[in-house]
Every structure is written in structure tokens, then in C-alpha cells.
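By letter and in written order, the chains are A, B and C; residue numbering begins at 1 in each of them.
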Amino acid sequence: MEPTTTVTAVSTEPAGESGQSAKVKDWVSYIQKDLPAHLHWWPYTLGAIPLALFGLLVASGLLLTVYYVPSPEKAYESVEQITREVYLGWFVRGVHRLSVDLMILFLFFHVIRAFVTRAYRPPGELKWVAGALVFFLILAMGFTGYSLVYDNVSYWGMTVVTGMIGGLPIVGKPLLLLLRGGEEVSAGTLLRLYDLHTKLLPLLLGGLVLGHIVAVRLLGFAEVEGSRGVHPFYPDHTLTMGAIALALLVLIVDLVMIFPPTLGPPADLQNVAGDVSPPWYFSAPYMWITLLPGAVSLWSLLGAAGLFLVYPYVDRALARRGWPMFKVNALVATVVVLLATILMILDEYM
Amino acid sequence: MAIIHDNVGRRRFLSQTIMGFGLLFGLGTLGLRFVQFLMPSTNRKPYETVLVGTDAQVPPGEAIPMDLAGHKIVLLRTDEGVMAFSRRCTDLGCLVSWKKDREQFVCPCHQGVFDKNGRNIAGPPPRPLDRYEVIKRGEQLYVKLQNGSVG
Amino acid sequence: MEEPTNDPAGKPNGTLNFTRYVIGGLCLVLFLALTGVGYLKVEERREGGLRPFVSAENKRCIDCHIRKDVAIGGINDWKISAHAPKGIGCVECHRAEKGEADAYEHEGSLISTLVTPKDCMRCHEKEAKEFAKSHHAKAAQFIGSLDNFLGNVVEGPEVGATGCAGCHGSVVKVMENGKLHPATWPNSGIGRVNPDGSKGTCSACHARHSFSVAQARQPESCGRCHMGPDHPQIEAYYESKHGVMFSANKDKMKLGQPTEKWLPGKDYLYPTCATCHMSATGTQDTTHDVGDRISWTLRPVISTRLENHEVRRKAMTQVCSSCHSAQIVERFFTQMDSGITLYNEKFGKPAKAAMDRLRDMKKITPTPFDEEIEWVFYELWHHEGRRARHGLSKMAPDFIHWQGFYEVAKHFYTKFLPLVRELSPDVAKELLAQESHKWVRQGMTKEEIAQMLEFYDKELQGKRGGG
């Protein structure tokens, strides 16, 4: 970490005031860094949003655990209680749900931005890898979290997804047993998903998020055309991020008031409801799986995920061969976004 | 405290103060809402009377136990007519049982004893058994319960 | 005055300050929004009532039945009943005490299949008591009656068990193993004689296992038995204006409302059977004694007034007055009473007298239904005679005339009369003794014929009747 002399130059306080401000200077110097100017351009601030939302999710999630009961008999009831009976329960639950939606949305934007600007260029490949792992974990959190409601979508989602995992070769069956806590979806399944959602996965996620941020700090930023000059992390960048986070908070509170959370029908174990579809962020892969035959769709998704994870290295190899990677990435991003959008629209109408 | 004479410091001080108070109120209210969320409600929930049987079905000397939506009670004919006692021992909440031969309620946890009128006569219980209001319409007995989960 | 200094290599202080103000401002908005959050009321929980509650005992019953897929229709029906949320389940109704006639052991519990008014009475005492003293409870006590002979002997005992007892109720017999005899059960006839001595079954009207009051208030619940050639109550009802209005406005009837919120004239406007004969009005309580408001009995050969008929008439009048003015109500009852009196005096009494005399004269055997005249007489009062009277009570014109008095008159004059005359011309003469039968004895007078011809000439351009 580069120490900076800028902080001391700022202070115009009279000499007698050194005590307190000296301490401040010290801890600031630990986190201080010169950031390139482009970090103030809006596409480059997108990453801060999921971070802020992560904090909000942890807070609201912790609050929810005080009332939620992870047993099949009580789960739906407890969610209903939170939504309708507990004072401000609707608010906390609404904040939690909306934050997930917004977080994943802005995550998509952030990923697209990083992809299109090739932010993973050497030496920054690990930033991307860490980020990709964060991305997968967040989707897993979304899945496990939604299953806890134990409404129709939850139950059949649990069944279908764990079933699909069970279809993988070699690792499939053991994974299915691990996740379900047995052959069938049962009370054990709910408990395991609850544990994943509230203990293991948040810890992993927190660690990886930290890793991603540290990687970004340590490995620096890829060059961006037109970006001239630097500005200090504290207080410039922090204040801006703070303002964004607050704006987000205000937005969420307002939206939750206007669109309070609802509850679908409780899990009907007898009937596979024809109209269950997963939350929007799983819409596209869900449609993909629905439209393509089993093995093809599963393997293509796994392949895509793997490619996504190691893309920086692929990019490096292709760039060495002279491929115009900026153009390639722009094209790939456009195609993927279009495809996903079409699939999501199809899901709406099918 | 030193007096700051320059514009820069003053403006910064002002903006920092505004920001500080703003954060205090804004995030403070958020924190308040979260704490309010955590506090369980002590609202008086609406009552409902539930039919439990006829007067004739509670013979003297017998305590009829029942579980009404989670409320574990026992019907007993006392000196003042049929009463509904909560089976929760007033010591720490274990369920008491009626011992017919002794005409007493006994709690297995710390050997608390209640007499046939629900009064605490031995052991740790600090007060008599809680009672639910019993309403009699003709021959039929109703017990008045609060809605919602067990209190 | 200094220049605003920059954080070197950073933004000018001014921008930083601006950002701080932005944060402060956003916080203010947040504060306001969060204040609003505290006042917002999100969709209320579904209305009161204890949560649906299945006790451990009942859970055993339900789980096993579902697992073995036995009679799950009843369970699913029960789930939507008003009993379910109060935890009144299988055991509460079906449990039996040792020594009860129809108790038997089932998976470790002593139960009885039959749930009788005695069981229902544990909670619904008022209704059970009212029902027990009503005519409905006595419905199965027609053993030894003419109808009973008709069903069991003339037709056959199997008919008695299913056809007659299907509405009237069987006498339930318990076999040795505690199970119920197939000739007597299943049966939900309203006067069913139960092994525990109680009479009737609440499920005759409040079908199990949903026991819905909305369903019981529907005319069809009564119409299951109160229909047909011998007492077409439901057909007459649907012909009447009340029935027409009911059919047209069923969706406004709010049939499921509790008693306090189901008052005629206020909460709903078009009466069902229940309205007049049982349900609460602004001033009367619900009664499960369906006879409480009926002043005539339209059942026998000759209709008579029941005990305390003034009180009953008054009760019925009060129901009508929930919607109608006194003028209409009085005049309706005048019309009805006169019509019934007409039947009594012109047809009922003379016919009965004739039959009695013929029997005394030993012109007819004492065995019922073995001669044609007995069938004719039977149908005269039991079928068309009743149709006429029920039509009158419901203001159903077609049942009063074409399906009622027309057939009464036709059979009286063209079937009954000749048969009587065959057996005894004297009795036949007495049959026609009244003034109202003069037209048959003496025919139309010359003046009357002239009048009728004049009518046809004038009004119908000379076309004679029947042309």
C-alpha cells in the first residue's frame, strides 16, 4: 500500500491541534490509495452497489432469522407471520427481497461492464476469478434463500434443482444426497438449505467478496482510455460510494413501501403446479433447460459457467493470437444479453 | 478547542456536521425500525370463545385436559364451579398433572403442588395456576382464549 | 480570503463538501421515508379465528386415511368446514364410549361410524333440542301407516329401506360386530332412528363433512325430499315469484353469512325455504323446529289447523313482514286459507265421508290398495289434493290449478264418482250433495249457456270454445 503525503498537506488546522487529527491521519493512511479518475465514471461505480446491498442483506437476513422457523410445518406460516403479523415484518422482508433483486441486477451490469472493458487484463486475472466465484455463490444464495419460503415455487424449485444436480455424472448422486439430506426432498432438505443460506454460504461469500476487493486493491486497475489523473480513496471515493449507498437505501425503502412483499400459495405436495417458475434471475437458464433436451442443456450451462470462470486466461490466449478482444467481448456480451432477454420474455409468456 | 478561522475549514466543518446529523437521523431511524421489528408484540389479540363441552361432562374429582390451538388447559370442577386452569406451572412453565387421589395438581419439574382450586400450596410456584375465563350458556361451557400462538 | 484549497491530486474541497451535503440530504429523505414506514399498514391477516388446528389424535386418523387412500373425500371436505379451524375433527365427533350400541374398535380407538344428534348436541344443544321436538324427527315413525304398507308390502321391503327410508329415515340396526346393517345404512333420512335412541341426523340438511350453513340454506337441501307428485314444495317454490327472484339473484344472497348477518329484507331480499320456515329475522331467533311457523297441516286427507295455530301464523306473518307490507301479507293468507278450505269442503270431506261409508257398508275390503277405488281416493288427497294445497301455500298458480285443483276435480268427477256410484248410488248422491257440485247434477242453466255463447260470439268472432 502506497503511503501518501497528501493527507497532511490538506490540514490547515493550527499546530496545537495535532493530537486527534494525527490519529485520524494514521488509520487513513492504511486504507488510502490513489485511484484513477475513471473510477468516478458511473459504469465503474456499479460494483459498489452490490457491496452496499450485501451489507443490507446481511442485516435484514439476520433480523429475519429471529422469526423464521426452518421446519416444513412452520416455515410458510412463519413467513406469513413475518409478512403480516410482526410489526414492520413486511418491511424487513421486503428490504431483503428487493435487495436481492437489485443486487443481482446490478451485479449483472457490473459483470457486463467488467467484461466489456476487459478489466481482467493481466495482472488482474484473479480479480475476475474471485468475482466469478462471488457471482456463483450469490446465485446459490438466491436459490437457497427462496427455498426457505416453502411456497409452491420453493418446494418444486428445491425438488427440480436438486434433481438436476443429481443428474450430474459421478458427483451428482452424492451431491443430491448431501443437499437433500436423503433420497427425497424432506424436512432435512429444508434444514440443510437453511444452514447453507445462513451459515456456510454467507461466510464463504463474505470471504470471497473480501478477496475480490483485496484483489482489486492489490492488483490495481486496468488502463482505461481517457482516464487522466488520480484521486484519493479517502475521502473522495468513500464519500461518493457512501452517497450512492444511501441513495440506494432511500430507493429501496420507497420501493418496499410501494410494493410490499407478497406470498404465493403454500407448497402443495400433491400437485406439481404447472405454472411455477423460478425468480427472474433464474428465468433464462430455466427456459434454456426447458427448451433444450436434458443432457445438452445441463452440459452447455456447466460449460458456459466454466468458460466464464477462466475467461481471463482464454482472453489472454486469444489476444496473443491477435484477436480483437474488445470487439469480441462486445459481441459476446450483446449476444448473451439478447439471448437471456429473449429467454426471460419467453418464460413470461409460456 | 481551537478556533478555525478559514473558509475552507468552516465549510468542511459545516458539511461534515450536516452529513453527521443526517447519518445519525437517517441510519438511526433505520436502526430503530430494525429494533422495533425485533421486539415481540404484546398486543391484546382478539379473544375467541371456544366450545369445550357441557357442564355434565366435567364430573367432580375429574380434571379434563385439552389442547386448544396450543393452549394446554384442564377443566376442573372447583368450589366455584367449573374452571379452566392453564397447565403451565407458574414456577417455570412445565405442564402440571392432576392427581385424582390427592386432589392436587403436581408439577414434575420441581415438585410444585397446587390444590384443587389451583392455589399454590407447596414447592417453588410463586402464585396460583393461571385461569382462562369459562363462560356458561345454558348447559354448555365455553373457554375464552386469545388468538394467535401460545402465550 | 484564501482560495479554496484542493486536496492535492483530489477533487476540490467544494466537491467533497457538496457530496457531504448530498449525503446529508439523502439521509433526510431516508429519515422521512422510514418514518412513513412505521405508519404503513400492509394487508391485514385473514380475519380472526384460531389457527387451523389438528390435534395429535386427529392427525393420526387423517394421516392413516390419506396413506391408505380411504374416504379422503370426507377429510378434504372437513378441511373447509367451520369445524376444522376450531380443532373439531374426527375424534371429537366419532368417538364412542364403551357400552354404546354402535361402538367398535378401530386402530386402537373406540369409535362409531354414526354421528347422531346426540353427538352433535354436545355443542349444538339448542338446535338438537328444537329438532328433536319437530315433525322432522318423527319422520321415520310411519311404521304401521298406510304409506308404510304401500312401500313395504305393496311395493317391496327393499323399497321401504331405500325409497321411503331415504327421506324419512331408517331404523338403524347394529350387527354383532358393531358394524351397521346394510338394509338400514347408509341412510341420512331426516327421521332416522339411531341406535343411541336419538332421532334424525343433522347431516340430512347440513351435508357432511363440510356441514356448510350456506349449503343448508339452499332450497335444494330441502328439495331433496320436499319434492315430487305428492308434495311439490320445491317445484312450487321455483314457480313462485320468490323462487324466480332467488334464481336470478343467487350471487347476492350471501348464503354463508352468520345468523346475525343474514336477515331477510336487510342482508338479502329473496327468501329460501329456510328463510320462512327456520331462519332468524329481525325479531325471531333461528328455529330448528320446522313446524314452528306453520299453522295448517297440508298432509292429511283433510287439512286441519295445528295446535297454537294463531301463534304460528303470527310467527310466519312476521317473517313475511320483514320484506312486505301488512296489506300484501294479510291478503295472501286470506287467499291461501280460502283455497285450502275449498279443497276441504268441496272435495276432501265429501270424498272421505264416502270412503268411510263404503267401508262401513263393507263395499270395500279392509285391505288397502287392493281395489281401484282405493288408489283413486289415495291419489286424490295424497297427490293432486296436496299439490293444490302446496301450490296455494307458495302462490304457485300452475300447481294450484293445472297440477292441483284441475286434477282433483277431474279425478273426483270422472274417476272417483263413477267408482262410488258403481258400489253404491246412495253414497254417490251424498257425495254430490253440496251446492258446489250442483253443476254436475243439474248441468248449466239455459241462461248460463246463452251467456257463454254470447261471450264467444262477441269476443272471439263466433269461434266456439275448443275450435
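Miscellaneous remarks
Everything that follows uses one rule, which is that contacts are C-beta pairs under 8 Å (C-beta built on N, C-alpha and C of every residue); 3 or more make two chains touch, one makes a residue touch a chain.
What you are looking at is a predicted structure, and each value in this text was computed from that prediction instead of being measured.
Across the assembly, the mean Cα position most removed from that of subunit B is the one of C. Should one ask which of A-C and B-C has more C-beta pairs in contact, the pair is B-C.
If each chain is reduced to the centroid of its CA atoms, subunit A and subunit B end up 41 Å from each other.
Annotation: 63 Å between the Cα-based centres of subunit A and subunit C.
Distance between chain centres (mean CA atoms), subunit B to subunit C: 46 Å. Taken residue by residue, subunit A touches two or more other chains at 12, 85, 88, 91, 246, 249, whereas all remaining positions touch fewer.
Looking at subunit C, residues 5, 16, 20, 23, 26-27, 30, 34, 37-38, 51 sit in touch with two or more other chains.
Subunit B has residues 6, 8, 26, 30, 33, 36, 148 in contact with two or more other chains. Those residues of subunit A lying in contact with subunit B across their complex are 12-14, 16-17, 59, 63, 66, 85-89, 91-92, 246, 249. By the touch criterion stated above, subunit A contacts subunit C in their complex at residues 6, 9-10, 12, 34, 77, 80, 83-85, 88, 90-91, 229-232, 235-236, 239-240, 242-243, 246-247, 249-250, 253-254, 256-257, 260.
Of all residues in subunit B, only 2, 4, 6, 8-9, 26, 30, 33-34, 36-39, 41, 148 touch subunit A in the complex they form.
Across the complex, subunit B is touched by residues 1-2, 4-5, 13-14, 16-18, 20-21, 23-28, 30-31, 34-35, 37-38, 48-51, 53, 55-56, 86-87, 122-123, 125-126 of subunit C.
Within the complex formed with subunit C, the subunit B residues making contact are 6-8, 11-12, 14-16, 18-19, 21-23, 25-27, 29-30, 32-33, 36, 46, 48, 50-51, 53-54, 57, 67-70, 138-140, 145, 147-149.
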